[in-house]
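Going by the order they are written in, the chains are A, B and C; count residues from 1 in each one.
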Amino acid sequence: MREHLPILLVVLPMLAAPICSMLPRGRQAWLLATAVSWAVLAIAASLLIRVHAEGTISYALGGWPAPIGIEYRLDGLNALVQVLVAAIAACVLPFSGRSVQDEIDADRQPGFFALLLLLITGLLGIVATGDVFNVFVFLEISSLATYGLIAFGRDRRALLAAYRYLVLGSIGATLYLIGIGLLYALTGTLNMQDLAARLPAVADTRTAQTAITLVMVGLGIKMALFPLHLWLPNAYRFAPSAISAFLPATATKVAIYLMLRFVFDIFGVGFAFGRLELNEVLLALAAAAMLSASLAAMQQRDVKGILAYSSVAQVGYIVLGAALATPIGLTASLLHLFNHALMKGALFMAMGCVMLRVGRTDLDAIRGLGRRMPWTAAAFVVAGLSLIGVPLTAGFISKWYLVLAALEAGWWPLVILILVASLMALIYVWRVVALAYFAPNESQRREEAPLSMLVPLWLLVLANIWFGIDTRLSVAMAESGMRVLMAGPP
Amino acid sequence: MTDLVWPPALLMLIGALLISVLRGRWQALLILATPLCTLWAIWQLGDGVLQSAPFLGYSLELVEADRVRRLFATIFALMAFAGGLYALRQASWYELSAAYAYAGGAIGVCFAGDLISFFLFWELMALCSTLVIWSAGGDAARRAGLRYAALHLLGGVLLKLGIVGLILHSGSIDLRPLVLAGWDSWLILLGILINAAAPPLAAWISDAYPEASPSGSVFLSAFTTKAAVLALILMFPGTQLLIVVGLVMIFYGIIYALLENDMRRILAYSIVNQVGFMLVGIGIGTEMALNGAAAHAFAHIIYKGLLFMTAGAVLMQTGKRRCSELGGLYQSMPLTTICAIVGALAISSFPFTSGFISKSMIAQGAADQHLALVWYLLTAASAGVFLHAGIKFPWFVFFQKDSGMRPAEPPWNMRAAMLLMAFACIAIGCAPSALYALLPYPVAYVPYTAGHVITQLQLLLFAGLAFFVMLPWMKRTLTISLDADWLYRVLVPALLHAWLRLWRHIDDAIDGALGRLSTLWQRLVVAPHRPSGWIVASWTTGAMALGVLLALALLIWRHLI
Amino acid sequence: MSPQLLMLSCLCLPLVGGGMLLLAHRRPRLRELILVLTAALSFTSALALLLQFREGNLLRLDLLTLLPGLDLMFEIEPLGALFAVLASGLWLPTSLYAIGYLRARKEEHQTRFHFWFCVAISATMGIAMAGNLLTLFVFYEVLTLSTYPLVTHIGNRGAVRGGRVYLGVLLATSIGLLLPAMLWTLHVAGTLQFTAGGILEGKLAPALAGLLLLMFVLGVGKAAVMPMHRWLPAAMVAPTPVSALLHAVAVVKAGVFTITKVVVYIFGTGFLGTVPAQRYLVYLAGFTVIAASVVALRQDNIKRLLAYSTISQLSYIVMATLALAPLALTGAGLHMVAHAFGKITLFFAAGAIYVAAHRTQVSELDGMGRRMPWTMAAFAIGALTMIGVPPSAGFVSKWFIIAGAYQADLYFVLAVIVLSTALNAFYMLPILHRAFFRAPEGRAHGEAPWPMRVALVSTAAASVLMFFFHAPILALTRSLTGAAP
């Protein structure tokens, strides 16, 4: 049993999904999904501990050894990402109970949870697998699930948003597929490790370079790297609350993980960054993302819109650290990947609470929130502070590492860029906070969200504070991930 | 620390405080008793440092007595008494309280053994004298008081800078004779000279004193300038520069007094003139000259106080202050007239008045040092003094044409105060040895020689003749003579306004530039990011897809080149 | 009590008090009792801390380690001890005053007001005790944020606008300049620890050090050196107790305190002496002193006038600090205290006039000295403190600033002091004349409520007392530099 845990992690939600869809009542589906998500979290955590204790775990699917069969390979990096995905899922699912009841018709609820489980499957699979084609398969599973889930949104525009994401996501997946197809033609393997070993021999060919470009652009769409982010804001805005809490914390993170894996572990820094100078492109795009998306966030009139654009900007932060390709830079990048999931999850969950009680999330709905929903508003404030990067919150730690990395690399303008973007974050968070606490409002009635939502929300909020004060765990994880990446191709 | 001593300044200050609290008979009693108690305390002080206190990390010598300090303190206390008597019924409690604190400050300056406590009392004087001026009420007093305060605080700061520098550079806080070398001593001298009303910073005196109440100007005339004289005696004896400054002051005072129409402004300019005599004496710096300066200060306080009292009495009874509106008052105010004449004679150094025995000592000091030019100028100036103060003031106010007014004599306490001062003028003039005994150095000077008396009488006679010959030109119309005070009455406010305008312009310019920049920023950068802006607004799906392919093409092209 | 516990209690007492206030929300009397008790206890513990410090105990508290080399820790040094005692000491009269003020004005949300006040005080304590730049920065930002609800307490449009400027300037300067400066320092020196003699010597070229210093001086927006001063007049929309304690003492002094700490413990006066650009910053501060005074001349609103006066006086401290001479630093420390006493008194008086007479303009003060003798007498003492004449605390501090200017051979500073004294007299004295020498107009009214009167009289008395008994403060500020008398 113990050695099969890596595959169990992926298979468990996959198997649960059809069962879920067949359950008659939304409530039951929810219970099942929640239980599965907790189980998944337990497995992921145990795997992470094992990776740290025993080193990389390689699991051959169906007993076929690596080059021929599909290999699941867990190291310090993807074990961490798995835990992240599982943890967010374990938080979001209990949270989703009330909000789904409220937002989605009763007969469609089992389907919703089934899709959600499929999404989790896809994401976990992408992370776990060591085979680039298998990645594509899981990518498609997760994407299709996502399109469906977004379309569940109550707003009519959700459908359009889902459609747009579908188109763009498919383009991305296609580009990725073409890319790995070319690579397969060149090297004759789809296993990541083998690819890494064989690529240097053919690196000089235009085919290889084109393949890399295709893969990168494909992943760029998935991770919403500026300017390939256009699908994201509306998708997040109009998706059901639970989904908009889950997606930003996981989906883009997984795509980023994938990019890191490709660049550092498969192509190799020397090739991708040194020869192709992709790091320059990434830096430029990251900078543009941080500024442009923040500017857009500052002017959004819907809080979920603000948060969505903020997510685009935060992707910029993460890519920025990676593009520096230094140990500290990568640590910062991974830390931010982790911390941003915590804060964005909390922020979108808070908006889920608002959605439940007010029915909308535009700025007007926020007026006087501090009085009406004190716990929700307070959670938003703390997570917002973390988003800004205020000391004693998780956001501060990752930004601090990022700044250190920029300083160490001698990139002064980047330091200023980070600070300016933080300042803009301050402004867009403040707009909400000021309305919540300092705007006069007519209704003084208290209508706090139910405990089932508040508890997961505050779990994430407290995590934001915890990882802002006691950084040993998160930094150690990020560093072990960093070491995997820095070690480069075998 | 020695045995218990009553610091005279403290007594005066306590008195001032109590005056502000008590009312009625007790207040009147206190007004009269405080200066007398202070006087008693002054004469209880032996020589040397008598009281010290820690301050700013130094040990202050709050009370240090010697002959010249006691002399000045004595006359200050006497003047406070006379002024208190004069003001007893008429002045408001806050004026009296301020005036007594002012006197306390002056007495404190007298006994300050070190530079820091000297400065503290100096500032106390500046503040309290401002209050005395303001006590007159009215807008003119407000503005005059404000200018007065600003100038004196400025002088105070200069003095402070000098003192701090001196202490820092020499390591000693002792109040001692200084040599004019380096910034510090120059700043100290400058600070003191502002209080001594040396031109070009003399205008405050003619600006502020006439705006005070009748009793207020009596107090004002006594303390500030004479405290400065004492400070110069203690710190700058024998500084040649002071001779020049003193001479300038003497003639400045005469000329402006002759041009002046307001009776109290005449007297104010006359203070400048008289202090000039004292400065010359200090500048000469011999024992004789210093004695002369001290004695002259003593005498001058009395007769100038007397003159201000008579002017105040006239002002109070008639409400008029300009010479051109007054005249013929001798008919109904005989006592005031007589007192004014006594004061006028004293200031003109008429024999058997106090001015005669003191001013001549200064001239003698000049003669002893063979400073011929100085002696001639002093002598000529004596004639000038007679012109402006000796004759002009009493003539235009009490005689001249009949203005038709028949005001009554002032109340009894004012009369008593005037009589007291007039008596003192004559008593000192007749029995100079009493004053001489108080002077800092032994006096071997005999004022009443035939030659001296006759010379002086001749001088005064010719001056008097000249006055009446030139009488048509002496009549002043309603003019205000231009003085250095336009600097701070006109120029400084103008500069300030110009600065404020400039400031506003700069402000506007910056605001404008910022505004334009921000418009540009808004239009080019911010607007596209609005929800409706082209970067943010929903793209069509096709456009998105096209964009992605374009980006891809760009990247591939970049690699393949 | 152990020193560490004492430091913790300084930091946490106001917070605990604030929490209890919230619980006592529905019982105003109890709430106010808690407030006053908290203030008294805070003051006591700050005082105890000072005594411990003077006994020579090492007072150091490591709170948290965020990352290796990046920790929140506290360490007491002379200036910090002084600042802590000053802020908590003045909190006591201010809390009395605030109770009187809010009750008399019948303000809403009084509990909220008192709560944020407690938080702000706690942050101030954190700044005062900070042992490294990071800790200081953290509490600096907490102070900014916790005072925002106080500034906008009234909640009308004007308050929100003022609050926006307040927050905007303070956050933009601290994040845009102070934080980069801090990062740069860390990068160059490898530490942010406040160390006697500085940590930058030999690690940074003088020209770059000048740039860094500029970033620090402008980045500490709370010190209101022009052109970063605009937040202070904007903050005058706050209720007067806030203007009094926070914008005359805690917040603005936190600014100059930060600059002083940076100059003394980050750069080190020895190293900074070799930095040529340091002179230009002295000029900038001097310019602020004069320019703000000139602007104050044309203000009619009392609180705005006081705000500009504060800007001018703060730059005095900055100027003295940057003069670097031991005596100038002593003067800077003393002026922090002296100005605090004087300015809080002035604001108290302004608020008392507002409460009792509903007047806010200088031109409406005719005869106020007759109507409200206590208030205006206190105001007069405050004004004298600003001008720096005896018998007020301002005299003592200016004395040392002048001495320091001599020590540093900075005649520019002397000229600034001369000019600003005259200017101060020009805008302060007319107010006094109006109040005491003009006839009152309008309907008769009495003094403000007694808690307010007690507060303003006690702070005025403190200013006078400091003139006479300044030896302990002097000893403390002297040990800052180890200067000989």
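Heads up, the rule we're going with is that a contact is a pair of C-beta atoms (placed from the backbone, for glycine too) under 8 Å apart; a residue touches a chain by one contact, two chains touch by 3 or more.
A quick note: this is a predicted structure, and the numbers were derived from the prediction, not measured.
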Identity of the most central chain, Cα criterion: C
Most widely separated chain from chain C, with each centre as the mean of CA atoms: A
Length of the line joining the C-alpha centres of chain A and chain C, rounded to whole Å: 45
CA centroid of chain B to CA centroid of chain C, Å: 37
Interchain centroid distance [CA atoms averaged], chain A/chain B, Å: 80
Contacts with two or more other chains, residues of chain C listed in rising order: none
Chain C residues touching chain B - in the complex, by the definition given at the top: 291, 294-295, 297-298, 327, 384, 387, 389-391, 395-396, 398-400, 402-403, 406-407, 414, 417-418, 421-422, 425-426, 429-430, 433, 436-437, 470-471, 474, 485
In the complex with chain A, residue positions of chain C that touch it: 64, 66-67, 70, 134, 137-138, 141, 149, 152, 155, 160, 163, 167, 171-172, 175-176, 179-180, 183-184, 187
Chain C contact footprint on chain A (complex, rising order): 390-392, 396-397, 400-401, 403-404, 407-408, 415-416, 419-420, 422-423, 426, 430, 437-438, 440, 468-469, 471, 475
Chain B-touching residues of chain A, taken from the complex the two chains share: 163-164, 167-168, 171-172, 175, 206, 209-210, 213-214, 216-217, 220-221, 227-228, 230-231, 233-234, 276, 281, 292, 295-296, 298-301, 305, 309
Chain B - residues contacting chain C, complex: 54, 56-58, 94, 120, 123-124, 126-127, 130, 134-135, 137, 141-142, 145-146, 149-150, 153-154, 156-158, 160-161, 164-165, 167-169, 496, 499-500, 503
